[in-house]
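Take a look at the structures listed below.
Both complexes shown next keep subunit A, but they swap its partner, so subunit B is in the first and subunit C is in the second.
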Partner chain A sequence: MTATVVTPSSPIATAAGRARDWLTNPKYGPVIVTAVLLVGMFVVGASRYRGFTNPQVIANLFIDNAYLIVLAVGMTFVILTGGIDLSVGAVLAMSTMIAASLLQAGWPPAIIIPLILVATSLLGLAVGLMIHYFQIQPFIATLAAMFLARGLCYVISKTTISITDPVFIALAQTRIPLAPRLSITPSVILAIGLVIVAVVVLHYSRLGRTVYAIGGSEASGVLMGLPVARTKVLVYVISGFCSGLAGVLYSFYTLSGYALTAIGTELDAIAAVVIGGTLLAGGYGFVLGSVLGVLVLGTIQTLITFDGNLTSWWTRIFIGALLLVFIVLQKVLTARRT
Partner chain B sequence: MTESQPAVSMENISIEFPGVKALDGVSFRMFPGEVHSLLGENGAGKSTLIKALTGVYRIDSGVITLAGEEVSFHSTAEAQAAGVSTVYQEVNLLTNLTVAENIMLGREPRRFGFIDWRATRARAAELLAKLHLDIDPNSRLGSHSLAVQQLVAIARATDIHARVLILDEPTSSLDADEVQELFRIIRELKADGVAILFVSHFLDQVYDISDRLTVLRNGKLVGEYLTDELLRIELVQKMIGKELTVLEDLERKTKQQTVDEHELTPYVRAIGLGRKGSIEPLDLDVYEGEVVGLAGLLGSGRTELARILSGVDRADAGSLEIDGEAKRIRTPRQSIRDRIIYSSENRREEGIVDELTVRDNIVLALQADRGWFRPIPKKRQDELAESYIQALNIRPANPDALLKNLSGGNQQKVLLARWLAIAPRLLILDEPTRGIDVGAKAEIQKLVSNLAENGMSVLYISAELEEVLRLSHRIAVMRDRRMVADIENDDLTSDTLLAIIADGATTEAVA
Partner chain C sequence: MNLNTVMAHRLFWPVVMLLVLLIINLLAFPGFFSIQVRDGHLFGSLIDILRNGSPTLMIAVGMTLVIATRGIDLSVGAICAISGAVACSIILGSSDPGSPATVAVAVGVSLLISLVLGVWNGFLVAVLGIQPIIATLILMTAGRGVAMLITEGQILTVNSPPFKAIGSGFFLGLPISVLIAAVIFVFALVLTRRTALGLMIEAVGINPEASRLAGVRARGLLITVYVFTAVCAAIAGLVLTSNQTAADANNTGLFIELDAILAVVIGGTSLAGGRYSLLGTLIGALVIQTLVTTVYTVGIPPIATMVFKAAVVTAVCLLQSPRTTELIESARRRQAHRRAKAVTA
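So, the complex of A and B:
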């Protein structure tokens, strides 16, 4: 860091230099920008709309987007290695279909939920093996998995299956009070728990560091003697697991299974990860950044709902514009620093 | 030098790639507390041998023993676990992570299963201190210079309680002071009993640091020597080798007609031409109808000079005169317009288009020169292809054959045909005979000689001295990116030339 070497002319200049260093650092820069953006959106919302400052607005952000946070966590692992997973939306839908149909057939939730998680992890394993051992582009391999999962949804049922199981309903409707007039759902707890686990894995385990290493340079990782093959496969297993878990949360949220559900959600997850500051080329990024990304997407939606005059399609337009800005920002930052 | 048990012993190692014997029964050993240099020209098998030792390649036959124990590595991780660590030429670290992480990655101290960052950083700082490297372990590796990154790579290598440390061209990105710093570290490691393999094409450095040398040539072992007992000139001789010439008459012919028209303006004159980090400024004249040989070891700056002359790389010092007129050449397109043609040593990547036919490859440059809106009529294309196939004896004599199906020698001929089709005035041939069979070699040399007779200037780059001596009227010698001699090829012998290449004696042997 240059700012620490340069003789401090004045504390302000040093602080400014340090701030500039942080912003142009590909590791922290985009995350800081996202955080500032999120705060800015809240300030705008609070100044324009009554009721926007209600803490439940924030709680609802988490409630409505718990499944997306889970997807984004898995996606972060994949993108950190420089890969991509297009199958997560379809796998999520497939999970809701499995849950709804097996519940209808009278299976107990205690079996169904682990079954879904194992099945989607196995699908992720298959995708990972395909990518690593047959050297197939992640884009293509996960595209194939996406079609497969979406197709399987229709095999299970062409129509909506609603969920009437008491356990699922209980999990959907339970409110955990945090304060008077402020509550969250069990899904939020699960999602936050997953985020914590992911942070610990990424930053305090060799697996996590290898994920970053692969994103930095796969060839170097191999020459440094890191378990590149295993890790590369594992990130797709993690993403598969997260898709399954997100599917379970989504079925709590909607209490139904439907083949056409969550179309395009994989793109929301990718957008959240990118807006959260993870470099699409891999190697830089944080899970917490992805959570911020999800919250940004959710806040845009909330702002548009509060406004009432804009159609919900404006959400898409804003997300598109933001994404563009962030991709350009990443390009600029990486060009400056490497 | 104690002949104790070797730290590494590789016996009769052979590795075959499709169509090539990369290593042919090579034996190699390293002793603890000794620096061993591996020498050889491009394609001699140095890097293949290293990769065999580090588990990147599997050996087809032979035995590798480590401190008396037979081993067989299937991955670099296994080799590292056994105490063989490597620092590669291009720094193979992760610029996105911190210095500390790069040093410790995969071996971080853990507490309760989690990485103990405090201990990790402390250990990294300790290793950096050992190398007298004063940098913040928490800084991003990418924010440091290549030289520092190289030293960080060595810090990483020394932490893997290395019994064997392989340094593959570690000095190519370092300046003189940094090299001395590196040598100090190497000597310390040596004193600790580490066996060190040092690969470098800088002979000064090799003689400075190594105790023992092993020379490879064409995938075969030439011999193992103690550095003190092998003169530099002998070493170079062993690296380059001498082939018995089948082209004596060609040589005689060349000598007879040594051009004596130097009062004329040269076709191309370089004055103080140089490029930072590539070659030191140098002067060079090439006259019409003259073959100038460019000799020197690998990495001496031969190819760099060719690339600057032809505009592939841009010169940042000096000037260029063509026919006595100052010209600026910034791109290959400009140099081609002035009919200065560069045929790269890297035939596969910078020469042929292997998915196209012989005909398409031959007309490529001519078509580009005419502009893409004036296509060469099919009939003319056929004529061109036919005539060059005949003239250069290209086999198979089929203009529709795909170039990838031709042998190396025939690909080279097609490449020559492509350039001849646009009538070059200065043809720069970089290793035109590398990796092709003897017959084709002779044909190409004959062709060069004929072209010069007809007034074309040729700059002929080759690692094979015999070839350079046979063809050239004048020979320029490059050494450590500097031109150290520019002499008439009158009664030059390969021994004199070797002496210049090895010691850089700037004896201006004027004719």
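So, the complex of A and C:
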């Protein structure tokens, strides 16, 4: 040992210590890692493929994944309380089917869209009541909802129904220019609006604080006199509402309704939330992290499309591998802290 | 034994549900219970239920043990797809697809691969301490991609009589797949109930910390349980693939993890871990398969099957909920109270 050992009070050491504190913090660490990874993937993409740095690539990321962002927002609320919602993909499909079939029957969109949102929120309410008052595990209750929603899709129609309504087509094809040769769709604005509302609700409202409290410890929440029952039911209503909204956005995106659409989307939503740094045990996580998670999944897809040599099933293997990396990372980060 | 103790038994509602479904079938189709002997094989609707339900049962047996340790395995469907894809590609790649030796090699290799996949799941859960639902989600997501790589994105159709026998052959008059399921079921039952293994599994599920202090080696136990489930899933995958005589990486065993978990839950094993009932799982698997058959015999359009399934699952879960028992109990007490009052007045 020489005398030149850096004392803990030196600026470099404190900066490093602070960086380590941030990284090993279960609250911020995973989100920071995800953000770094997203930037890293863009650097790799930009260095390997021509045209990857085009701003429209980023805009397309939002356009193609607007519905997934909306789903992930709802899923974040549920997972923050320590629950899980397996029904979101099927409810999304059901919403597209309701939209397509009612449009075909000549109903006006101004009635259909609110109707879908109310219907899916009510389904969420039923699931929430089952979970809280009958103490059925979220996994099973939302699984039943998934079967119900997927079954109703088939009952509505086995074949694809295309959407020809002028309002839907207008919403699907409208491009909002941000800059020369850079545009987004109304869906993106809706999705971003929802994210902002969700952030405000989670961080600046009683509901949001109660959601985090339930995830931290439900029993403590009850003892503190927080409205645990109401909030626990409400997160499933929020998730149902988000699934319905995602379904509407998805029907703008595909302009059709199909019973088998979006199979496995619930796993994408869960993966996005986990990659975004939300702990599945509940209590830690951010909506913005989930948005980053969706963007990471979207970027994998974009990289594979740009590459052209990799087949589409590599996407699933990459997502699986990425999930693994993130979960192990979360584990290591949080373990070192305790 | 009075009615109350019978009703309080945790298999009461599942058995009632199974009987109700069977009676509905009998009413809709009077010959439902008849079993015929044709070419020395047993035929009939009940045999069909057993045969079609056997893959779900095989997986559900493994799943019961995983759930008893407070875990869950979502990757079984993907393991089904992988084992089917491996077996079919080996059989297709061999010079003599029809020989029993080729099929034995194919089966052996796919079981070995499932062993590795099971160790992988177990490693993530037991060694790295990742939540089971997420640990197995990784393989569930990536597994079908791997199966696609093995089949190169195509549906592999095989023409091999010994392989076809696994799924649709008969032995001693019974379908071979039913016999395989029975062997797995009895094996698990004897192994966990005639030795201390079952007790240790329950101990880990009820309180991992206390069981560790009591000297139960949870790590090896957890890995064993996940390996067992993976092997069960691979066998089920072989049966499914052999039934269709084709490996379809996208659709083999699709949603079978959900059916298996449902069978376990209907059978009264709590997802919170701890006490488990293999007999309950057997009944649960039969309920699910009978449900599907009922849809066909009663003439409900097959497209409504999933709605019907959702209704039955919800009903069984609500009936089994401790809250419902409480409500029934308090209603009965109130009634008894009223009757007592009427007598005294």
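FYI, the second predicted complex is superposed on the first by the 326 of 338 C-alpha atoms of A that agree within 3 Å, B and C clash if a C-alpha of one lies under 4 Å from a C-alpha of the other, contacts with A are read in each partner's own complex, and residues count from 1 in each chain.
What we mean here is this: contacts are C-beta pairs under 8 Å (C-beta built on N, C-alpha and C of every residue); 3 or more make two chains touch, one makes a residue touch a chain.
Bear in mind that the values here come from a model prediction, so they are computed numbers and not experimental data.
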Exercise. So, A:R209: does it touch subunit B (first), subunit C (second), both, or neither?
Worked result: first
For this session: In the overlay, answer first, second, both or neither for which of subunit B and subunit C A:S217 touches.
Result: first
For this session: Applying the touch criterion given at the start, work out whether A:A271 contacts subunit B, subunit C, both or neither, answering first, second, both or neither.
Result: second
For this session: Would you sort A:A144 into first (subunit B), second (subunit C), both or neither based on which partner it touches?
Result: second
Problem set entry | Most subunit A residues touched (candidates subunit B, subunit C) | C
Problem set entry | Touching residues on subunit C, where the partner in the complex is subunit A | 72, 124, 128-131, 133-135, 137-146, 148-149, 153, 258, 261-262, 265, 271-272, 303-311, 313-314, 317-318, 321-324
Exercise. Inside the complex, what are the residues of subunit B that reach subunit A?
Worked result: 56, 75-77, 79-81, 86, 88, 92-97, 101, 105-106, 108, 110, 113-115, 117, 136, 139-140, 142-143, 156
For this session: Please give the residue numbers of subunit A that touch subunit B in the complex, ascending.
Result: 1, 25-27, 200, 203-206, 209-210, 212-213, 215-217, 219-227, 283-284, 337-338
For this session: Using the touch rule from the top, collect the residues of subunit A that touch subunit C in their complex.
Result: 84, 130, 133-137, 139-141, 143-148, 150-152, 154-155, 158, 267, 270-271, 274, 280-281, 311, 313-317, 319-321, 323-324, 327-328, 331
